[in-house]
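Here it is, the structure in full.
Chain lettering (A, B, C and D) follows the sequence in which the chains are written, and residue indices restart at 1 in each chain.
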Amino acid sequence: MSKTIEQLRQEYGTREKILTIEDLVVKFSLRGEELTAIRQASLDVYKGESLCIVGESGSGKSVLTKSFMGMLDNNGWIDSGSVLYKEEDLAAYRFERQWMQIRGKEIAMIFQDPMTSLNPLRSVGSQIKEAVELHQDLRGEAAREAVYEILENVGIADPVRRYRQYPFEFSGGMRQRVVIAIAMACKPQILVCDEPTTALDVTIQAQILQLLDKLQKMYDLTVIYITHDLGVVAHVADRVAVMYAGDIIEVGLSEEVFYNPQHPYTMNLLSSLPQLGEKGKDLYAIKGTPPNLFKEIHGDAFAPRNSLALKVDFVHRPPYFTVSPTHKAKTWLLDPRAPKVELPSAIKQLRSKWGDDIVAGS
Amino acid sequence: MPAPEKLLEVKDLSVHFGRGRKKFVAVHKVNFDIFKGETLGLVGESGSGKTTIGRAIVRINPTTDGQILFKGRCISGRIARELDREVTQKIQMIFQDPMASLNERAKVDYIVSEGLYNTKNYTCEEERKEKVTKALLSVGLLPEFATRFPHEFSGGQRQRIGVARSLVMNPELIIADEPISALDVSIRAQVINLMNQLKKDLGLTYLFIAHDLSVVRFISDRVAVIHLGQIVELADTEELYENPVHPYTKGLLSAIPVPNPRVERKRQIHAYDPSMHKYAENPPKWMEIAPRHFVLANEEEMEGYRQNYNHHAKDAI
Amino acid sequence: MAKVLKDAAEKIDETLFTFAGYDAKDAERSGYSNYSYWRSTWNVFLKNKMALVILILLATVLAFTFVQPYLPQQKLPTLIHNDPETGFQLRNVPPGKEFILGTNSIGQDLWARLWSGTRTSLFIGFVVGLFEAGIGIAIGAIWGYVRWLDRIITEIYNVWDNIPSTVVLVLMTYILRPSLSTLIIAMCITGWLPMAKLIRNLVLIIRDREYNLASRCLGTPTHRIIVKNILPYLVSVIMMRLALAIPYAIGSEVFLTYIGLGLPVDTPSLGNLVNEGRRLMMAPSMRYQLIFPAIMVSVITISFYILGNAFADASDPRNHV
Amino acid sequence: MLKYCTKRFLQSLVTLFIVVTVVFVLMRFMPIEGFLGPRYDKMDPGQRDAILKAMGLLDPIHIQLKNFYIQLLHGDLGESIIYRPHVPIVEILGPKIPYSLFLGWASMTLSLFFGLSLGVFMARFKSGFLDKLGTVYIVIINAVPSAVYYLFLQLYGKNLLKLPMLFDADRPISWILPIISMALGGIAGNAMWMRRYMVDELNKDYIRLARAKGMRKSAVMFKHVMRNAIIPMVQGIPASILLVMVGSLYIESLYSIPGMGGLLIQAIQRQDTPLVQALVLIFSAFSIFGLFVGDLLMAMLDPRIKLGSKEGSR
């Protein structure tokens, strides 16, 4: 058995923050209209952890990570807020050459679809070599040797032959390994994995997650996963941040978020999972659609879809309420004045079987 | 228990694409039945041929070999006009991608009525409208949506429009081809609940095609596992999840992540290597290992499976 | 920030901390946008100010082209004007009061010839455009939709496409002898091919989209699938091609006239006018005879070109917000 | 790869064969003046028949075709009848081909160099000033019939730049205007396609990954975007011989260049049918050959075709 919740909480108290996002606002302009994709989101990332950002499509989870890699689309910009990395405010970066110091070198990224992430017309080896040359300062034969080594590390056998092959000669899972190899060749501090397994079959998914886990230990990486698959989250995450409508509404240790969710959205999301449902009975279904980000949002963005919404949710935006030193959520339900609510039965069951200690401590 | 009525029988079904050297065997000699009122889950990875089977049943993909029987009558290959009409009406399909499966240039009214126009299943304009309204209400949509275009709806709503389009035909069997895998997690429950509720209310039968085993477990009565165009195992849902026999099934089951960190971190994954089978000299057969539990194996393997199975069954007791 | 929020939170009215109640129907209703494809297309088009100006300009020119003969005091395009006193032809009279755009080298009124020529060339353009669209769509749709025909038509296409269309154009007009119908036939023969290819590629993409499979599952007959499911997706492309076919046809006519295979000289067309003007262009005082037709050709072709592209942009649903 | 080349080569041969046959047969449906020349009116029917018979035009069509192919294989394209009566066409063409080739190559080089550079810059600074300017240029060149702007170029080239209006092989300064005129269309075409291919590539996922690994924008542009965009361009380069040829039809007669393009126009205007036929065949052969070479180049550059994972994209 792994560490207890108390040990984990203490351990996080001593960990060093590697990236601090504060009140970040990211906007896009689309056909003359302004869209607020990230609405004053704050998040700390600790060195060496694996953090999962969960949210449905359009919740802004990809935009958030792109904003601290300088990879927002041309029509998007950081409107306010800060992103601190090694005492530098990345949010103030304006020039490509500033980002060159960060991208790849400090923070590398892998993407969802391995089928389109590689240049189809260049050999796999040369694409990895590019990264090696950029960030490891190796040239020619030495760079080539380095590529062979990385290929073996990501589980691609016969690297000398594979080096010369083109992406179309690789299967989906193998291509994703190549993409990971490119990221590893950068020797980054932080690795961002944007839905790394969504496009893959389950059995291959598992292998890729194992590989990422192995590499994280090997290179002492901080890994940020972006995903919507709560199964994957449970597998890889030390901590989980839940995003809804451009804001991080709940963040905590994986155990805390799964066994003791506080925000109604997190609760609803978990109880809508068929894995936690009871066969023959209805699942909990979240009605409606996420809010339109072109419009200004008042109060809690989730309120219109929330059957437990308070009147205040429609008027005031909730601040973070602390649940434990490592767990906080933006919901008025945590305000002392709020009425008490029952946890959904699916979560109660989950907790009573696996996570009773989570609540006991706090 | 009286033998349940077989609604659909698939016998030795094979589907090949292309010819000559480009020939690709998508489905190879597949056998299964769907009983009236049940949900049969069909699980497999991409390229396993599961979608091809579904499409062969609704006759979008032509069959190469074998037969598909609906209520005892053959519906594969060339069939009579009358039967064609009837089958078109009785077997409906729900598609994977709610963004792609609705005609963007038509209003919801036309989309839902499309089947009615084809079968002329109404006497007057009012009756048609009434049927559309009824179908929309039964999937939890508002009748006023009929005058809108698909653009205006969210993924979950669009998927329900797709369901309404099938319901209006009064189908008996619905082929649901990955109906929730393109939906956001928060919306999946809507569609799963709807399908279950319709099954209860209207006595529908489903063939539920998916790659996500956890969803299949929740929704299906029986599950068939397909690998590279062949069904390798078929059993009642709980039986299959508790006592998987075929190594592929085991591998697949062990690979599903569960939303429970403490369980998930300890999960072991069994890798499956197809070369473990010695099928060249000793080809496999479709055999019953326990009542209503079938597996694809040759005699030699079967021996091992049996021993293991009995072992497990004892443990379970 | 968090601190400020926290402080503000203290001041919130206690009564707000009660359940708000929840209406599932309301949740269902969110997201309504009242979208209509054609209205959005039109709205996006309206935002393109340049295209709008050009649309108005072109509409005016087109309207005038057809109204011109019925206006008072218009001269016939083919009538040769003589000086009533000397009986000589009024050759190369510069633009002025009597002849708005002057006369040509045999004393015909250039103003009348210009509009008459525009009519002829537009007529050619429209006929060729429509024919290309008609044949192109029909063949393209069959080519794309009927699977077993694909290989055969593709092989034929590969051969046909290897032949330069200019050569075919030249050859056809040469063999058939210049006339209006020859010109049109020759252009149609070369023009439908790219259209058919385009439609085929689009149909191939659209054909296996899930919504078409859905229609097939519902037993929708092929003709209704084509009309209801496929053509509406092609309308924008078709209209753009049609818009582009017109400048192309006018250009071809000018080209054929230039190499001596155009319309007979007694039929005014933009090609003929440009060709006549070309012969005189080295004399600066007579250059107006080239400049006016050239301006007309350019205005019409550029307008159609820009409008076609603007429409294509506007009709792309990705550009609708 | 070899298999693909052979297949593609055979396809070109078949196309050429069909074109030759069809052109030949069509030409036989022409009114017979085209074969008799200017003295047609003065001949009595007996004389006409005699001449036609001597030319083999009264034979059944398949015999004529057979004879024609035999001639063709011996490198004989027949004789001119009006342009320069009874002179073998090969002899007429001989001195003209170098002019056409030289002009063609010169303008193609220009149009490639300027067209590709313009396209690259337009894509690099998309929706900037240069992009808009380039777009205006492309629209004008595409929309205005070339006859019109060729004329204006000739006119203003003479008046403002004092360049010679007519071609003179011995005065290189007189080559400038025709070469530029011919290149204008190609520049627009190359720029348009290069821009489009590059913009397409720019939107692809692998560009995101290349940027995420920390490559400079310029390096991404050069090593990934341009390299990939140039492949479909390369396929089109040999085929742009065709564009040059069409341009040459106008320009050679406009500037009185003694090349093949001007010759075709004269042959048409004087209705010298055998000459027209020969020229049409040569032009077709050029274009078919151009497409063939383009596909080969493409196959050499694209590993997916080279290693046989997909057929040619056409």
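Keep in mind that, in the parts below, contacts are C-beta pairs under 8 Å (C-beta built on N, C-alpha and C of every residue); 3 or more make two chains touch, one makes a residue touch a chain.
In this text, all values refer to a predicted model and were calculated from it rather than measured experimentally.
Participant: Taking contact as defined at the start, I'd like the list of chains shared as neighbours by chain A and chain B.
Facilitator: C
Participant: What is the identifier of the chain with the smallest separation between its Cα mean and the overall Cα mean?
Facilitator: C
Participant: Indicate the whole-number Å distance between the mean C-alpha point of chain B and the mean C-alpha point of chain C.
Facilitator: The separation of the two C-alpha centroids amounts to 48 Å.
Participant: Using mean CA coordinates as chain centres, what's the gap between chain C and chain D in Å?
Facilitator: Roughly 26 Å separates the two chain centres.
Participant: Please work out the Cα centroid separation of chain A and chain D, and write it as a whole number of Å.
Facilitator: Going by mean C-alpha positions, chain A sits 55 Å from chain D.
Participant: Tell me, which residues of chain A touch at least two other chains?
Facilitator: 287-289
Participant: Of all the residues in chain B, which ones touch at least 2 other chains?
Facilitator: Only 154, 157 qualify.
Participant: Which residue numbers or ranges of chain C touch two or more of the other chains?
Facilitator: Expected reply: 28, 31.
Participant: Identify every two-chain combination in which the chains touch.
Facilitator: Per the contact definition above, the touching pairs are A-B, A-C, A-D, B-C, C-D.
Participant: If we count contacts the way the header does, which residues on chain D are in touch with chain A in the complex?
Facilitator: Listed in rising order, the residues are 204-206, 208-217, 223-224, 227-228, 231, 301-304, 307, 309.
Participant: Where on chain C is chain A touching in the complex?
Facilitator: Touch residues, chain C against chain A: 1-2, 5-6, 8-9, 12-20, 22, 24, 26-28, 30-31, 319, 321.
Participant: Going by the contact rule set out above, which residues of chain A touch chain B in the complex?
Facilitator: For this pair, the touching residues of chain A are 2, 56-57, 201-203, 205-207, 209-210, 228-235, 237, 254-255, 258, 268-270, 272-277, 279, 282-289, 350, 354-355.
Participant: Flag every residue of chain A that touches chain D in the complex, lowest number first.
Facilitator: Going through chain A, the ones touching chain D are 69, 71, 96, 100, 103-105, 108-111, 113, 116-123, 127, 130-131, 134-135, 166, 168-169, 179, 182-183, 185-186.
Participant: What does chain C use to touch chain B in their complex?
Facilitator: Interface residues on the chain C side: 25, 28-29, 31-37, 209-211, 213-221, 224, 228-229, 232-233, 317.
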